[in-house]
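Reviewing the structure listed below.
In order of appearance the chains are A, B, C and D, and numbering begins at 1 in each one.
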Amino acid sequence: MKLLEYQAKELLAEYGIDVPRGSVCRSPEEVAAAWDQIGVLAGGVVLKAQIPSGRRGKAGGIRVVRDRAAAETAASELLGTTLNGFPVGELLVEELVLIKRELYLSVLTDTSPAHPWPLIMISAQGGMDIEEIAAAAPDSLHRVHVDPAYGLHPFQGRFLGRHSGLPSDKQVMLVAAVGAMYRAYWENDAELVEINPLVITEQGSLVAVDAKVTIDNAARYRHKDLKGAEIDSVETRAAAMGLSYVELDGDIGLISNGAGLTMATMDHLALLGGRPANFLDTGERILRGGIADGLSLLLANPQVRTVLINVFGGGVRCDVIAQKIVEAVEALPAAHIPVVATLHGRNDEVGRRILAEAGLPGLRVLPTIDEALATAVLLAKNGAGGPSGADAGRPGGAR
Amino acid sequence: MSILVDRDTRVVVQGITGTFGSYHSQLMRDYGTAIVAGVTPGKGGSIVNGIPVFESLIEARDECGAEVAAVLVPGPFVKDAVFEAADAGLRMVVCLVEGVPVKDTMLMKRRLMETGTIMIGPNSPGIVTPGQTLIGFMPGHVYAPGPVGIVSRSGTFSYQVADELTKRGVGQSTCLGIGGDPISGVSFIDILGMFEADAATEVIVLIGEIGRTAEEEAAEYIREHVGKPVVSMILGATAPPGKQMGHAGAIVTAGRGTYVSKVTALEEAGVPVARTAGEVAAMAYDVLRSRTTGDA
Amino acid sequence: MKLLEYQAKELLAEYGIDVPRGSVCRSPEEVAAAWDQIGVLAGGVVLKAQIPSGRRGKAGGIRVVRDRAAAETAASELLGTTLNGFPVGELLVEELVLIKRELYLSVLTDTSPAHPWPLIMISAQGGMDIEEIAAAAPDSLHRVHVDPAYGLHPFQGRFLGRHSGLPSDKQVMLVAAVGAMYRAYWENDAELVEINPLVITEQGSLVAVDAKVTIDNAARYRHKDLKGAEIDSVETRAAAMGLSYVELDGDIGLISNGAGLTMATMDHLALLGGRPANFLDTGERILRGGIADGLSLLLANPQVRTVLINVFGGGVRCDVIAQKIVEAVEALPAAHIPVVATLHGRNDEVGRRILAEAGLPGLRVLPTIDEALATAVLLAKNGAGGPSGADAGRPGGAR
Amino acid sequence: MSILVDRDTRVVVQGITGTFGSYHSQLMRDYGTAIVAGVTPGKGGSIVNGIPVFESLIEARDECGAEVAAVLVPGPFVKDAVFEAADAGLRMVVCLVEGVPVKDTMLMKRRLMETGTIMIGPNSPGIVTPGQTLIGFMPGHVYAPGPVGIVSRSGTFSYQVADELTKRGVGQSTCLGIGGDPISGVSFIDILGMFEADAATEVIVLIGEIGRTAEEEAAEYIREHVGKPVVSMILGATAPPGKQMGHAGAIVTAGRGTYVSKVTALEEAGVPVARTAGEVAAMAYDVLRSRTTGDA
């Protein structure tokens, strides 16, 4: 779960990290009111579109304004638009911070087998993307791994402080911020806490001007009070159904089980000249609505010209899956786009027979994956009028 | 021969009284796996599928000689189950469930390093030594005993590869999935080393995925330490790059982790990379035939 | 630092452990008011003397009363008395709990080299002293060590639950209490958290009827908000001076540095037929008021007939120590009890010379420890009129 | 020869710029100890008693080859200093300060077990190999090179024992205090093993105290593993029993930990127990003389 910038900053502030004075606004009127609170004092504010995406600045999602009217105008221009694919519904209005120096600071989970531990990174060159830093000033990037059994030690914080490029008196503040950031990461099961830029202001304080926080989804049950970005997209709707879905730009709607098998099916379709319309892994939902929910998602995509169901039953039985497929296809409107299905694994012969014997005109059952994929590619190319439904009559257990 | 498990491996199922646990313990037992005990706190003394259930792993170990645990408790309880297994001195834990918090896995892995307990997973489909034992979700009938060792990050796709092999008359020594979570127990490298040392394994099939750098590290290891032929496949040629860890994550992997970098690394290590399950099975078949007929 | 019972219970309650409803009272009037609050409802209260000592019951410090008048009377009888050497200034007035079953539960620091870890102990036989449990029902005592790198695991809590002798439904409550107790121990740097008895009430809840908590003194700087027993004794006054002092029943007042040397000197005095009046280790305070403060403590003890100062200078220099001794003895009233001193270690010859050359009539300087101890024993036996101050003139560096 | 340290041992002082650190680093240097560096965060680049000061232990190790750390930071900062030493891969830390929270020591000790770093202390007077090196608070002039190894829980009293030995013309191989805190690094047993293996040590003096069970365990170890003569003393014959841990603590030690139990254990292991410093020194002297003249 990604936190929006203001949510991330609220979290960091709870741990004692200074963030600019700010207010979340949903209308130009609220922005004007925020100007009166914050802008007048600071002589200017920054309006920042609250979307779960980086590079907002380049997309025009960040505006600096120096009077009330400009703030209102900018708010009108930003609210309601779409940036990097996300609708802009909220703006964070923040006091203008006078920046003397920009740093980069983050903690993330290093998943490498050699060091599957939290990793803290610092660079005296902040403000740029970490990738730009790594390219432009690789020597400025310093790393510390934290042993999860013992946590962060002060000497590690001081190491990062020494490589911050800051004078000693500011290093003390930085070391405190590192400690706070690490606690925020650890106590909230974060995958990433990134402060970029972390700035020294003209007044000499240390302020997190931008922040990114991502929480491990598997651990969200431990942090029910944590709020993240609520994105209304087909991906998040799929996630709410327990399905892993990514929309692509092809025309073959795909339902499969297991991320690996799904990717393999996509790759194989591409080899055959087909273009998958999506990645959809039902995971363990396969028997609990996964097929029907998946079909509904796919059919809502106007690009999809045919649907391919490729399932390999490991723990789950193909005869049960077949029943679910039959029910889901039966529930479709009379003249729907063709559905191609192939089943393998546990009880696959029975499963294929159930599909075949269902006698559904819109459902083609193929005994091998190669044939199923080829059929789907052909159907997508030719449109719904491709090969007849004759295959559906072919017994699944022939081989 | 085989790696890690065989017909004599005495298995305890943690979470055996759950829907999942009782269903899969039955399937495993049907396959021939020596499921000697189950554990569910609060249900000690009951019997599931003819298997005695205990309150704790230590009792299961002492009473039934359990040496390997199949972890089938829900994600939030996996850490406790694995620490209990480490404490009981079990030789191996197979973490089949998904939804384990990464922080928990981090701590589990650190602890298991101390005790020398082997962990497969979390989020692994399991491990099977065909004809002998199966600990996990795999469909047993697609496997057959033989000379191919399969190690995979994927679950279901690895079943398909085994199926393709078996259909070609080529059996498997041991097949296992290392798990799909960000942090997992045994790595490709660990398993490659075991297959290399295993007399029953003649060819190794490695099935990787895009993201992270386990395949690149495996390629390096193969070049240095593996004499047996390895054939491979990388899933996700057409998948959009993962976004989970964002830019900071990408910097850690330093430009590696893509489909191209993985394929290149493997090919440079002399490992052919197939594009479909059928192709990778055919490669393994060809290697075996050429070795048998001596025309390598 | 020992917490009083009510302080310990307040701490445990913060961690979610149930304790009886209670009120701390300092007068019979307050006890009467507490009766109105608590006693009326419960049909009785327990009055418990708040002293940092066990076995209060046997000493008469715990009274069960069943009406208001009896509560007032008992309070009058208890307040202002001395129990086990401690004055009773506060009473904990608690509702009477109907006990169905008593358990023992504690967590403490096991200091053995093999397992220098937190240790949790449980027994289904509570109410008795742990030593009595260990003697009467050793098989009822079960132990779990907690790895400090990972903390307490639920499976360890369940192990303790199974050995609590409770039915499964109550075990769940017990496991929660174990977790809470461990957190209270760990987060507060406790040396010991003991709940005895931990009871199952007739109503079926789990309640800590008595509790002991001791905090590691070295870690008190991390827990400034924690309040402990404030005992006005010579030991605590000494501790406030940074001195480690224990009063004994002999007549030779002893000042030494290092716990080992102090004990060795006491043992040696006993061998010579002497009787030390105290243990007093100046520790690192030796150069910072330790000698003068120590002398003042010793001279306040009317039993003391002579003072022995036996110092071995390791890090500290004997010449500096000698100067401190001279200053302290000079500050004593004209006709004081004799002080015998011997110095060894760094710069000891200079130190002994300084003492000798100070020419103080009440100060005897001996070149060896054996001679110094023998002199002290003799002086204590003979009273102040013992051997003359002649030894003081003997140069310290003669050997 | 000697145990743990000799004239070539390169020492770094943590907390060298404090009053304590600068005073004792000067004394140690005067004795001949190879103090090669100091560490005080925020004071890197300065010089104390001619010793270069660094910001971190890693720099002190890399620049000056420091291998052993003398920890002279205040109690609340000891944990950080010791974890830094473990991280820097130092061979040994000597924790001289008192006032270290027991919880910190617990974690330090667990960590050092993992890295194999030896810890003396906390609350130790230090270690001295007479004529070669001294890391700690001991008064150097009371020691002389020779055949007696001293291991003690006490600080100042062990100086007195060394003094008594030296006055009798008997020098010492290595003398150290294991520290007076509830939990400490090296134990009697560890040191007894080292003295047993040390060619320069002919007689071992063990100085224990009442409380806990280290002496009882040492006695057991001596009986099984120590061939060299050991003489001993237990302090606290007349001391009232400690009250710190109350009854629960007493139950852990299970009736051991008293003066009588310690003396009994030692005597049963063939170790004579003296009652004064002079007596223990005389015992060591007699053992040595009898060995030299062959009338053992």
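Annotations
Here, contacts are C-beta pairs under 8 Å (C-beta built on N, C-alpha and C of every residue); 3 or more make two chains touch, one makes a residue touch a chain.
In this text the structure is predicted, and so the values were computed from the model without any measurement.
Set side by side, B-C and A-B show the greater C-beta contact count at A-B.
Our note on geometry: chain A versus chain D, Cα centroid distance of 57 Å, whole angstroms.
Rounded to a whole number, the gap between the C-alpha centres of chain A and chain B is 27 angstrom.
For the pair chain B and chain D, the distance between C-alpha centroids works out to 49 Å. For chain C, residues touching at least two other chains, in rising order: 149-150. The multi-chain contact residues of chain D, meaning those touching 2 or more other chains, are 107.
Shown here, the protein chains touch in an arrangement that is not a line, ring, star or fully connected set.
The chain pairs satisfying the stated touch condition come to A-B, A-C, A-D, B-C, C-D.
Listed in rising order, the residues of chain B touching chain C in the complex are 41-42, 55-57, 77, 79-81, 83-84, 87, 107, 111. If you check the complex, the residues on chain C that touch chain B are 150, 153-155, 158-159, 162, 168.
Remark: chain A residues 54, 106, 108-113, 116-119, 121, 129-131, 134, 141, 147-149, 186, 189, 191-192, 194, 212, 214, 216, 218-219, 221-222, 246, 248, 256-261, 263-264, 266-271, 276, 279, 283-284, 311-315, 344-346, 369-370 touch chain B in the complex.
Within the complex formed with chain A, the residues of chain C that make contact are 149-150. Taken together, the chain D residues at the contact with chain C in this complex read 23-24, 27, 75-76, 98-107, 109-110, 125, 136-139, 141-142, 152-160, 163, 180, 182-183, 187, 189, 207, 209-210, 212-214, 217, 233, 235-240, 244-252, 254, 275-278.
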